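Consider the two complexes below, in which chain A is the common component and chain B and chain C are the respective partners.
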Partner chain A sequence: MAVATRPAPAAAEDKELLISGSEAVAEALTLADIDVVTAYPIRPYDTVMQAIAKKIANGQLVAEYIVAEGEHSQFEIVKHASTVGARVFCGSSGVGWAYAMECLVVTPPLRVPMIALVGNRALDDPGAFGVEHNDALFVRDLGWLLCWIDTSQEALDTTLIAYRVAEDRRVFLPLAISADGAFLTHSQALTLVPPKEKVDRFLPRYNRGDLLLHPDNPITVAPQANEDWVIEIRRQNNEAMARAYTVIEEAYAEFRRVFGRGPENPWFEEYMTEDAEVILVGMGTISLPIKVAIREMRAKGRKVGLVRLRWFRPFPTDRLVAALSGAQALGVIDRDYSFGSPFGSGVVANEIRAALYNAARRPPLLSFICGLGGREVTLEDVYKATEMCYGAAKAGKSDPKTHWLGVRE
Partner chain B sequence: MAESTTFTNATQILEPFRGVKKVTLEEYFTSGHRTCQGCESALVMKLMVKAAGPRTIVLGSTGCMYVANTTYYTTPWVVPWMHTQLGSSGSAALGTAAGLKALMRKGKMKAEPINVIAFCGDGGGADMGVGAISATLTHKEYNSLILLYDNESYANTDIQLSGMTPFGAHTTFSPPGKAKRIIHTRWKKNMAGMMAAGHPECRYVATVCASYAVEMMNKVRRALTIGGPTFIHSLDPCPKGWDYDPMLSHELGELAIETGIFPLYEVEDGGVKYYGKTKALVEGRARKPVREYLLKQGRFAHFTEEDLEYFQKKVDEMWEKWEIPAVVPFRRLEATKAALEVK
Partner chain C sequence: MAALISEIVYRGIFQKNLASRIARGIVLSARKSGRWGIAFGRYGDSPQRNGIPAKDFAIVADTNEELEQNMARYEPKHVDITVCVDDTLAKGVESWAWYGLQPINRLTVPNGTVLMTSLQSVGELLKDIHRRDAPYKLALIRAKASFSGLWVYKEDHTEVRVLGALAKIAPAFLSLDGVSQAIAEMEWGSDLKVASARKAYERLETRDVKPTEGNAEIPYSFEMPKWWEMREGVTIPAIPVGKPKEDGKGYVPERNPYFKKFTTRTMRPVVNFDTCVKCTLCWIQCPDSCFDVMPDGTYDANMEACCGCGVCEAVCPVENCITMVNESVFEDNASQWEMWRKDKDRYRSWMAEKIGDKKATVRSHGFRFRGQYEQELVADLDQGGVEITAGIPGENAQHKTV
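Moving on to the complex of A and B:
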């Protein structure tokens, strides 16, 4: 049971900086020595590009830095740079991510290991800067690896891990790191920045091998294939995604070995779950109000825990079932929506329902939607969800309908 | 192979071919494609990459020259080739050039000038992709050539009109009918002129036609040699889309130029230079009437005298009223002329 969330003590050679989630990603990109980066403005992810631009202006990072004329080009430029062997970075938020959609679709079958930061933001209309997870979730079925981070430290560490995982030839898929807009992209925390030598030990050079587009390797990439081959290519994508389970486990183990910190369980954080009767599940910075509420409730005798999902694709089905199926009730709090879905539930709730379907023991599961558009998730919201979960635990079953929390009637 | 001296924009020095007998024999676009009989765009591909040579990467945006050219297992491309999205020729050129440049200047790849060419059709280039091409033409530190092969319709998807389809042409999106003879009433975009006028740091823009193959190849070689982002617009007669006997492809290309509908010129560092038969037109040779060109094509079979006259009038304007004939459609007002001449 992991309780402590403060970072491990700094190794002598680490620097400790007070930086935001976006700035932490930029620190990692500098350490990873990226070659090509493309920017286009949209809040809140664009703070990472501002940080990178400063790094380049100050000579801390040598990379081609291109301000594109839209997100479609932004993603297409790095896609092509990656095919000639460059380590690349990109990112967006909300409708910007949607504008890039065509170029997001093609990267997995092209086996382009680009890393993107999604600063989660509500989709238009109406205009809103605040967090919702629907933007990043656009790519959940397409072959993108997809994870959610919670702190500046996790932002830095996950960025380094992301390159190692995505550029592993067993995977060779794009990877999106999702960071809650404002709550993480713009919030500063003390963060350990490791020295370059350590990063070099952890992160090998990007080697595109026989997929390199170069006159010395004159291949034709993405010819017209039609029904002759498309289904085989889709299956190859699926197999690469399946291999990512092993590669992610290996990368976190190696990260711990080299840097002396990082989680034992890559897939999700467990907070006070060991003896928990009710386990709440969420992704991203929602963990903070939930953890505070859990401490308050535990002081009053309620044994509540949290599972904060880090990896959504690939989905840690087996480990999650093992972690959740012992509880008396589960409450999944989605910061997203899926209109017309089974029971009108959010995406995470229905994924977990599906994961539990074959489990020997299936606790009652309640589905909540909360905090859309950047609305704060309050302690009251968490208390209310928890009490409803206790009700379901007592009844031994749950009404599958979805509950919206903190909404004006 | 010679190389220019500065690294930042180092290019291959590709001297012009002095006549057809001096053209290299090696082909880099060979058998395997399945384009139509008489397809000029396929010829453009072949000449383009022959002119560029083996140290070249080609990016192809969606269109005929993707779908009909690169069936899996039968690619005709001898040089490395990659698909890019319909509106992405500009981004593909920029990303490839930036990737190579980053790796070379950081010592992660052997430094050498590698040609980067991205091609697009008229739909991908002049409609959907014009924004990305425009952006790329402002990035002067990356060497690339964007070649627009213009067969004047979305010819791969069943001949639908594009922003480059001529006035009045019959396409599947503009069929002549009893109530409306002309559905497509827009005049064609002036792509090369727009690219040259709008991007003052783009050092080279040219128009070409494969009916004049050696000149066409030399424009490609000039574009690649001069460096930075460059743009070439090629007019490609299309038997399927224009509805004519495939044996007439070359002749129609010639007629497009002789009628003045499509001018041949290059703009190098801002200087406009007409060449080939267009130069003769500028110097006073009479333009052939547009009807000689239009009436050889089924897509204009519904034209009445009125339509032919309108078309002729618009082409006459290009030559008689534009500030730079057939290149830049601005006109100086009398007052402006006076102001400019005061000095």
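Moving on to the complex of A and C:
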């Protein structure tokens, strides 16, 4: 009766642990041998700082662990540590991330490859701990690389990939990994942890080169500048973000080569999209109810698929357009809001609308806002969204109005 | 093709580590037979508060796809097994997040099992456990509730005894050998703990419960408002000012109608109104404002609001005027003062019986004297687990070294 679809790992190879997404990140940080980590507690990110503290206390990781007096200092400290050549990590959630905003803003122009874990959390008020994506999306315009993860395994793998991408000299940009509060940060799943030798083969040392702040390399970082200089600096940032496309592609290919797993397409997961009439789009752990609902609907003859976006910055415009434009209708399910935006839609829906503007074929697109504050996205919500998409497919056009699902009304 | 869904209902903080070990133990035991699994806590319970009921869940399934099928929920709506590690939770469960009162067996599927650690008889427990519309099984591990704290853990083998019992209840998913193997390998496991698990497997008491049995009381609940019914600006009406108890005398505050809190209680204060000196300390110091002022100036702990923290007992200057007594020996939340007013002799004998029961006045959490932990541990293990001859029952020593 029992079916093990994955054989137990061979000795000295990957070991299997029952760990949460946060603990998986801490495993990756240990393997990446980080140098400086700053911490300031806020749920659900705090589970990561606890897991790292345990690693250091157990002697499994040697790193400077600095508990800051607030998120502002927390991000400021690692920014400086990174400029002197330290591999750094920090993170936050919700309004904690917001409190660090000034430091988040200065990190991309200084070309600091800081890795941050955002445990996605609803912004106050009301004080709530459940997931919304608005916190990480604060920095979407600023030069931060942004990705969303879905499982403990992806948490571990993506953290390793993140260092390789951010610390690549062609990029040198901060990178925030977003993990849905509760669903990922607090659930323990079976996760493969690779041996250190493999990670060493994949992840080169952080080399800051001519940007290293060191007495042997005298430089001034961040002198005051006026209109004669600023736009050129922004242009450089834009170029680094553009180069990230290639670097991300390379990193995933190399990851697959070294670890023997990982996705072919770094940018998004495609689930049953090949013959899909309706494609739903979302980010993070929302994929779980959508996938289960898709299996149920397919059993009844509804050809539905899912595109789960992993990378939001840089935005995989071309590949996404190619993957989506063949569908009869699209339904974008946002776990965020953007009040007063075009059509009152969520952030992802409007990004995809913009991406499709020049496409040869533009399927009707419906925008849904769902699961805010950690509200469960039910199978019924997904069925309802899908049926509305089929309605738009039949009509050949969509009402741009945004639909809120799962609200008491 | 099948899945097993379990919930572990526990006391926040006091049993956090216990519940987490059980949930992880279920997944790791099932993994021994190639199953997939996930263990998680109910996020809405966090941050946990002392004693406030909380839940962990463990789901194991034959395939990853089936696991996803059952995970595609914020939390399970039905469970095959409800594990309850404190029998005072038999009175119902109210999370701090304004959920209303939920019977302990609310999620248990028809013919599913409620597994409880308890020293009470089935009859006594069924006075507390709410009636179900379907039959289920009540399985008992003979042990008192294992309480510790966030940073400490009471090594009385409760976690492995629960796992051993689960092997008896759901052998298709958790074989006794699989459970034993997982316990032996776990960082907190040991051969001694494997022996305790096997004993619990052999000694488990199970009894069928019919839909006609149990507490007939309808648990309190409330309707949540629609978005357009809620006041804007994240504001809620304040709790209104209270009223005199009667004839303009005394004072009874109004209380939050959405969160009564009393299922947090593992002990309750029993008040001797004859010796009360009306000093106001219990009333002032109670962190939950649970005391109502009576017309005669004494203070009645309102059992719909009392969390059972024991501060009143600690601050009361009169010896034996307030005594904390285990919640399991009470059957309702009726007013002690009203009972006293009605028939003083009857109240005195009722009170003497409650506070005279030395078993019921042992504190459920915290200790009264140095050495109590070691003393209790030996007694607990003699009763249900493996006898300890020296030291604290061992964990796998090799996991403790770096």
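Quick note on the criterion: the second predicted complex is superposed on the first by the 397 of 409 C-alpha atoms of A that agree within 3 Å, B and C clash if a C-alpha of one lies under 4 Å from a C-alpha of the other, contacts with A are read in each partner's own complex, and residues count from 1 in each chain.
Assume a contact is a pair of C-beta atoms (placed from the backbone, for glycine too) under 8 Å apart; a residue touches a chain by one contact, two chains touch by 3 or more.
Because the structure is a prediction, the values reported are computed rather than measured.
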Checklist entry - Overlaying the two complexes on chain A, which is it for chain B and chain C: clash or fit? => result fit
Next on the checklist: By the touch definition at the top of the document, which applies to A:Val292: first (chain B), second (chain C), both, or neither?
Outcome noted: second
Checklist entry - Between chain B (first) and chain C (second), which does A:Gly181 come into contact with in this model arrangement: first, second, both, or neither? => result second
Next on the checklist: For A:Ala189, using the defined touch cut-off, is the partner it touches chain B, chain C, both, or neither? Pick first, second, both or neither.
Outcome noted: second
Item to check | Once both complexes are placed on the shared chain, angle at chain A toward chain B and chain C, C-alpha, multiple of 10 degrees | outcome: 90
Checklist entry - Given the touch rule stated above, what does A:Leu18 touch, chain B (first), chain C (second), both, or neither? => result second
Checklist entry - When the two structures are overlaid on chain A, which partner does A:Gln60 contact: first (chain B), second (chain C), both, or neither? => result second
Checklist entry - If you stack the two complexes on chain A, which partner ends up touching A:Arg310: first (chain B), second (chain C), both, or neither? => result neither
Next on the checklist: Quick check for you: in the superposed arrangement, does A:Glu69 touch first (chain B), second (chain C), both or neither?
Outcome noted: first
Checklist entry - Tell me, in angstrom, the smallest C-alpha to C-alpha distance between chain B and chain C in the overlaid model? => result 19
Checklist entry - Can you list the residues on chain A that touch chain C in the complex? => result 1-5, 18, 20, 43-44, 58-60, 125-126, 129-130, 181-182, 186-190, 288-289, 291-293, 295, 374-376, 378-379, 407-409
Checklist entry - What part of chain B is in contact with chain A in the complex they form? => result 54-57, 59, 66-67, 70-73, 75, 77-85, 87-88, 90-92, 94-96, 98-103, 105-106, 108-109, 114, 131-132, 134-135, 139
Checklist outcome for this item: So, in the complex, the side of chain C touching chain A is made of residues 2, 23-24, 27-28, 31, 33-41, 43, 46-47, 62-65, 68-69, 71-74, 172, 224-228, 234, 402
Next on the checklist: Looking at the complex, which residues from chain A come into contact with chain B?
Outcome noted: 33, 35-36, 38, 62-64, 66, 68-70, 72-73, 76-86, 88, 102-103, 106, 205, 213-215, 217-226, 228-229
